[in-house]
Amino acid sequence: MFAHNKRLQYSVHVSECNPALANLMLEQFGGPQGELAAAMRYFTQALAEDDPGRKDMLLDIATEELSHLEVIGSIVGMLNKGAKGQLAEAVDEEAELFRSLQGAGNSSHVTQVLYGGGPALTNSGGQLWTAGYIDSIGEPTADLRSNIAAEARAKIVYERLINVTADPGVKDALGFLMTREMSHQKSFEKALYAIEPNFPPGKNPGKPEFADLYANTSQGDGDMRGSWNSDDNFNFVSDREQLLAMDGGDGLATTKLSAKEKSTLKAMAKRTQSNPDLDPETGAELGMAGNGKPKPSKRPSPPSSSKRH
Amino acid sequence: MFAHNKRLQYSVHVSECNPALANLMLEQFGGPQGELAAAMRYFTQALAEDDPGRKDMLLDIATEELSHLEVIGSIVGMLNKGAKGQLAEAVDEEAELFRSLQGAGNSSHVTQVLYGGGPALTNSGGQLWTAGYIDSIGEPTADLRSNIAAEARAKIVYERLINVTADPGVKDALGFLMTREMSHQKSFEKALYAIEPNFPPGKNPGKPEFADLYANTSQGDGDMRGSWNSDDNFNFVSDREQLLAMDGGDGLATTKLSAKEKSTLKAMAKRTQSNPDLDPETGAELGMAGNGKPKPSKRPSPPSSSKRH
Amino acid sequence: MFAHNKRLQYSVHVSECNPALANLMLEQFGGPQGELAAAMRYFTQALAEDDPGRKDMLLDIATEELSHLEVIGSIVGMLNKGAKGQLAEAVDEEAELFRSLQGAGNSSHVTQVLYGGGPALTNSGGQLWTAGYIDSIGEPTADLRSNIAAEARAKIVYERLINVTADPGVKDALGFLMTREMSHQKSFEKALYAIEPNFPPGKNPGKPEFADLYANTSQGDGDMRGSWNSDDNFNFVSDREQLLAMDGGDGLATTKLSAKEKSTLKAMAKRTQSNPDLDPETGAELGMAGNGKPKPSKRPSPPSSSKRH
Amino acid sequence: MFAHNKRLQYSVHVSECNPALANLMLEQFGGPQGELAAAMRYFTQALAEDDPGRKDMLLDIATEELSHLEVIGSIVGMLNKGAKGQLAEAVDEEAELFRSLQGAGNSSHVTQVLYGGGPALTNSGGQLWTAGYIDSIGEPTADLRSNIAAEARAKIVYERLINVTADPGVKDALGFLMTREMSHQKSFEKALYAIEPNFPPGKNPGKPEFADLYANTSQGDGDMRGSWNSDDNFNFVSDREQLLAMDGGDGLATTKLSAKEKSTLKAMAKRTQSNPDLDPETGAELGMAGNGKPKPSKRPSPPSSSKRH
Amino acid sequence: MFAHNKRLQYSVHVSECNPALANLMLEQFGGPQGELAAAMRYFTQALAEDDPGRKDMLLDIATEELSHLEVIGSIVGMLNKGAKGQLAEAVDEEAELFRSLQGAGNSSHVTQVLYGGGPALTNSGGQLWTAGYIDSIGEPTADLRSNIAAEARAKIVYERLINVTADPGVKDALGFLMTREMSHQKSFEKALYAIEPNFPPGKNPGKPEFADLYANTSQGDGDMRGSWNSDDNFNFVSDREQLLAMDGGDGLATTKLSAKEKSTLKAMAKRTQSNPDLDPETGAELGMAGNGKPKPSKRPSPPSSSKRH
Amino acid sequence: MFAHNKRLQYSVHVSECNPALANLMLEQFGGPQGELAAAMRYFTQALAEDDPGRKDMLLDIATEELSHLEVIGSIVGMLNKGAKGQLAEAVDEEAELFRSLQGAGNSSHVTQVLYGGGPALTNSGGQLWTAGYIDSIGEPTADLRSNIAAEARAKIVYERLINVTADPGVKDALGFLMTREMSHQKSFEKALYAIEPNFPPGKNPGKPEFADLYANTSQGDGDMRGSWNSDDNFNFVSDREQLLAMDGGDGLATTKLSAKEKSTLKAMAKRTQSNPDLDPETGAELGMAGNGKPKPSKRPSPPSSSKRH
């Protein structure tokens, strides 16, 4: 069960209202690398987890991410606070309010008009948050790697936001949030490696003949070798013929069909064949030159008026 | 530039048509862990990459994932081949076709009716593919971790599909595709660790006082200690007061406001206050008991007919 | 700041695993009327709220909804627990696992294969949760009405789930969750009516001449009168001419154009005119009858083989 | 059946083209509180409605909302009319057109380039309209409350648009549209309260012991009492122990498992345990310091060139 | 302005309730080829159209499509009518209702539980309708082709639905709707060819040297020649070298950089290089074998209890 | 199987970095008319296609579209190259970086902050790519028409991008891409007309009595006649009575119900009737005037402090 205390995990003291900056901050509120995505990624994993250690850790971190959602949402709220009142009370002239919306910076008109300046579950461009951002699949050696990656991405987005924020209070809180992602990444790394073995993920060992193959499918000037495709680590194959039908078969897709399926497919094929022996006139050719014949004037009334019905 | 050869990277020989199995296979065609997501994740990274080694590797693997998209899509096409003809030519009675659609298994009616049995860019439940599945952010120490995690997830989904597939030809091709994900994971691991250092991701070192903190935010029976939150590795904090306002401040969110912003906000607050000193009657209370008074019968005609206009 | 206790707000004791029922339960986990939508609706409002009473109430209820998300997610986890192990460990034959996936009921194959049986942020049909479900707009007389409506809808969906659930433990927990929605609705009603006046919402009083008009735009057999369109309460207008251009104007859409805009538009109009004086042959007509002429046999080789390149 | 008259329900006379203002107006064309959402909310309800009075009212209002969609869409079309011709005919220099796109205000480049200046079913930020905006669930005491709330929200968004619009013709038409939302809200209120009783929504009365409970889950400085949580109206509970496991049980989630389910889960648990007794080295630690050993120089050629393949 | 008459454009007389068939019918209510998509495609074009003939035609057909939306939605409502009452009044036992939901066919549980059996703006698989289905771009020679194609697709989906529908009343109404799509296609064809010329679409004639080129990018067994790539109609190029850098240039992507941009990029490249001269140990290798050292037993208490905090 | 060569199909030489222009270019990378949508439209058709000629053509063009995706993505990458380094290395002051993000033009902040300047699978407004853009349905006479229309739309969007691009290198590459769309359209036209007959699409001939009907559903000033609704080509019906219930029936929607269904529906109707004979007080009326009575002062402490809990 969750409980809440009205004090934040980190104080937010904003120097002045700035709706354009508020909009940028939405990236970590309702964006793909943001705090709701983080909280829900770990929370959904925790609910399905049977391992007591991981379950506890996932709940700890999910709960903290909710507190971070509150911090970043409070930053948005503070940066928008002045503009919110101006628009709701409409004490200024319309043209001035319009200019302030447009001049406030990219997209802030959306959050002002639609959300009244409140923090919205969108990214900084207005894209609605979607559960497609969450990649939990219920297997710990995969999910922990997803979590490690998610924390790394979130760290980078915070770093970028810090790089463009001049307000010291906002910058300070962003620094806290960014650092916590680093700490979470470390916990997830520990939990992953405490599963032995954890590679390959899952239970099925795969087909050994393809496990160390490196397929050099992009060729031409720019080919490089390194540990990721070196002969020490991989069977490096450049010959494209070798890469075709690697099962040694015909490289075709086939299926067995019943007699009825066969005859139906044959009927369909016949009905819908694009006949290679024809050179038909097409709509494009019709469209290239005027083909319309003037309409026979069945009606005695002058064309211009007869068209009006 | 891309080129294509009509032979597949792995032969697909399906034993019999099976639209329900076809639908499951869509998970790796147009699902979040599927081959289009993989190909586009690496391809978008490659286009923005300046490091020649990584660029080459990303193009190699992106290109191979497109070939995998072709293999899994061909499996779908073969499994649906018979049903496609039956529906298009409609040689059976409607009721029989309806039963075959419904009996074919979950959701196969969608792909039959809407996509005519062709492989659709949806997951196995019909959810349209979205670029929200792609988490490239243009920083290699984050993106390579995302790629490692993505390959791990894809490996697991293939393993699950193998576990429920009895058709030997489909199972064989799935085994190939699964194994290749393991190989790709290894390449991405090598490329990540060939960046020194790669942790923390990015350039900003963070605030040291929060980097090793573990916040025990979920408490109660079930708390566990392990390397992910051990005293050896973390500063483990359970005291909730300590976790509030960790900057040592007031834990509030504030912003500086101009005089005009202040007065406008005050006007808005006054206009929209929920007054705690009142105990108003509400819509719910109105709704709990009949409050409607019979309408004054202005019209002499009997009510039942007078309502018809 | 949020804190968490590992005990649930309401105990969940499931009688037996049932993946098909688990899937239905997702409706209130990741569906539009579900607990995440509720929690986020109130939480985003709370962050932007300046009125202390409403802010406190919104935080109280948002926090409780998170606890409800945990309860309903735990129900999903328990109902799927057995199936999760079966698929991951794959101790059964493929065909049997396939049958159990398909037989388990509608769509449970998606959550099994994709999410490994964990609770997913989708509705019961697999549709990904989207922030489009959240309708907070930052004005209390509108938002509180939205909250009242949202609680009413959630109450109904729980009622429907209860009606189809035979498992007594699940039914009991659903009954608790349903009742809490009723309680929340009452709080939101009180808070709305504690704003005086709260109708019309917002500050702008509107154009009085249109405020009590009822437009009888759907006519024919089935027209009815009641308090919602009665002469006592409304100015009921059935005459369609009266409903056209209610400003008393021409009912047209016009704009002033600069000379340059005018001339450019004229050029565009001329270039793209669909000429009413022509009766052109079209692609459809071409398509109705064979029009393809056999291709001149430039190549001496027989057509069937010459087509292969 | 629908019929259409080419005159608008309200005349639209725009003073001058203004693509940035056009974009703002899209909020009520293809945004969540816009006219398509309104029309479809009521229309889908009407089709499923068996009560003759409500069915008639829903059809009346749905039809009027379609006419409003036409009015707001015509505003967009008029505001974009000049820009549309300029871009299509390209009589200006590229750099000038580029500047006009960028300078025209936020996001208008999207509607210009992608939609050619026509009204698009997006909100003012370009987010595609989605049926997730529609919350009809087929129960009148819930749906009518949803409709009341939707009208309230739409009224507010129109008010905000009016506040930022200086063009008198646009302002006038927006005022009409806003006022009609107020009138619709009144009709929906009447229809709701003409159902007796209408609270609680639906048929199931809920569990009385939880119906008047107020859970004070957010505590700390800022707690407030008012009619929404007063002792007169609610059983106000602050003690967190009391809020845990309110059924009086253990607060756990459990399920009964068959012997086979148990043994499979045990096998999975063992395979995937994060062992708390280990302190493993992790990828993050590898990444903190250089760990790469120089590759053994198997090839005599100098490294820099040998890497080129 | 729109008006409505309560009689349908085509009578709907359903033989018996059938929720599974209702769900299939949603494909043309809220699916991509459905009537809402059709109505909105033409309506958005009409609003931006300046050509009087096309504007009139688009309004005629858009209005008719709304009437079709009503017909298909009424079919859904009738097919679900019985199930709706059963679920709302819950006169049956839960287990029986559960079975009827599951047995009713794929996905009907979603529409029952979430939408109460009303017609939902989803496709037959529950995917929410999105404005991404609408491809209007505001250029008539493109939009009319889009409309022609959309009518062709809608015709096919109706044909498929007819093929699986045994209910004579439903089949009859579907036949009407299907036929109307054919008629609309003919109108759009006429309007397209009444623009002279209409190919290529738009104003810019393109680069002549690439206009008749056919790039044989997919090779291998299965290459075919026909009018779509014949020497008569195209310059057929198979040589892959010829297809690279068709401008005759270097085939590279380059940009000019300022000195500052250059130095910053150099710094970034250095910081993030994947060094090809190293063969680092990776996380995958750590994960392949146990690497965790037992934790030093700082605490004397037995491990099992010491882990509980 | 796909192969890749690192040289582009067309060289990209950008004159200077320009993030705002980069963002516009995204329209054809991840937008609805962009190259990914094109490639996937043809590729999914190819996989399901049995006709050898069409399959070959679809693979040829799909493969070329992937190469175009690479070209347009490389343009984006080059235009963003300088900005990417500036943000990642953060050598400038925050305020300056913020201004450059905002000044760079609409929405470029999103791609900078979220994607690090890499090409993202979004349109130029940040909308995530969705498979809803792809309209393949597996019937060649429909799919080829869809392809013809898609090429026409893509041609127009390229034309618009060319019209606003002053950079000669970008303009040149765009011209190539645009021209290729024209060429593809011609191939699709040939393949369509090589199917004889191809109209009406599919197999079912429709109901002849409705095939040539033109329904004049939009009336009033502005009605026009042309070949698309002429008496020569259509049976033009303006009489609205004639357009109602065109089957000659009652225009109603009905279904047969079992006795149990009937009684349940009756119970539901009674429970949820909006009674037309009542004129109830509503929430709106409560909200219009103050109705709250002061709360009884149970507590002796002064109200202002007693509210704090």
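Each chain gets a letter, A, B, C, D, E and F, in the order it is written, and its residues are counted from 1.
Here is the rule we use: contacts are C-beta pairs under 8 Å (C-beta built on N, C-alpha and C of every residue); 3 or more make two chains touch, one makes a residue touch a chain.
The structure presented is a predicted model; accordingly, all values stated were derived computationally and were not measured.
A.B. asks: Which other chains touch chain C while also touching chain D?
C.D. replies: Correct list: A, B, E, F.
A.B. asks: Do chain B and chain E face each other with the same patch, meaning over half of the contact numbers show up on both, or with different patches?
C.D. replies: Both copies, chain B as well as chain E, present different residues to each other, with under half of the numbers appearing on both sides.
A.B. asks: Nearest 5 degrees, what's the C-alpha rotation angle taking chain B to chain C?
C.D. replies: A turn of 120 degrees brings the C-alpha atoms of chain B onto chain C.
A.B. asks: By the contact definition above, name the pair with the higher C-beta contact count: B-D or A-F.
C.D. replies: A-F
A.B. asks: Report the inter-centroid distance (CA atoms only) between chain A and chain B in whole Å.
C.D. replies: Computed value for the inter-centroid distance: 8 Å.
A.B. asks: Could you put a whole-Å number on the gap between the CA centroids of chain C and chain E?
C.D. replies: So the centroids are 17 Å from each other.
A.B. asks: Taking each chain's centre as the mean position of its Cα atoms, how many Å separate chain A from chain C?
C.D. replies: Inter-chain centre distance comes to 20 Å.
A.B. asks: Counting only residues that touch at least two other chains, what does the list for chain F look like?
C.D. replies: Only 1-9, 32-33, 50, 53, 56, 59-60, 62-64, 67, 74, 77, 81, 84, 88-90, 106-107, 114, 116, 122, 125-128, 130, 132, 137, 139, 141, 148, 156-157, 162, 185-186, 190-196, 199, 202-203, 216-218, 222-228, 230, 232-233, 240, 243-244, 251, 265, 268, 271, 274-286, 290-292, 295, 307 qualify.
A.B. asks: Would you tell me which residues of chain E are touching chain D in their complex?
C.D. replies: Going by the criterion above, the answer is residues 1-9, 30, 36, 40, 43-45, 47-48, 50, 56, 59-60, 62-64, 66-67, 69-70, 73-74, 76-77, 80-81, 84, 88-90, 114-122, 128-132, 134, 136-139, 203, 275-283, 286, 291-295, 303, 307.
A.B. asks: Please output the residues of chain D touching chain B within their complex, sorted ascending.
C.D. replies: Where chain D meets chain B, its residues are 53, 141, 192-199, 224-228, 230, 232-233, 274-280, 283-292, 307.
A.B. asks: Spell out the residues on chain D that touch chain A in their complex, using ranges where they run on.
C.D. replies: 20-21, 23-24, 27, 31-33, 105-107, 123-127, 130, 156-157, 160-166, 171, 217-223, 240, 243-244, 251, 265, 268-269, 271-276, 278-285, 292, 295-296, 298, 306-309
A.B. asks: Give the list of chain E residues in touch with chain C in this complex.
C.D. replies: So the residues of chain E touching chain C come out as 1-7, 50-51, 53-54, 87-88, 90, 93-95, 97-98, 101-102, 106-110, 112-114, 116, 122, 125-128, 139-141, 148, 185-186, 189-196, 203, 216, 223-227, 230-232, 238.
A.B. asks: In their shared complex, at which residues does chain C touch chain D?
C.D. replies: Chain C residues touching chain D: 5-17, 32-33, 52-53, 55-57, 59-60, 62-64, 67, 74-75, 77-79, 81-82, 84-86, 88-89, 91, 130, 132-133, 135, 137, 139, 141-142, 145-146, 148-150, 152-153, 155-157, 159, 162, 172-173, 175-176, 178-180, 182-183, 185-188, 190-191, 193-194, 199-204, 206-208, 210-218, 222-224, 226-229, 233-234, 240, 243-247, 249-258, 260-261, 264-265, 267-268, 271.
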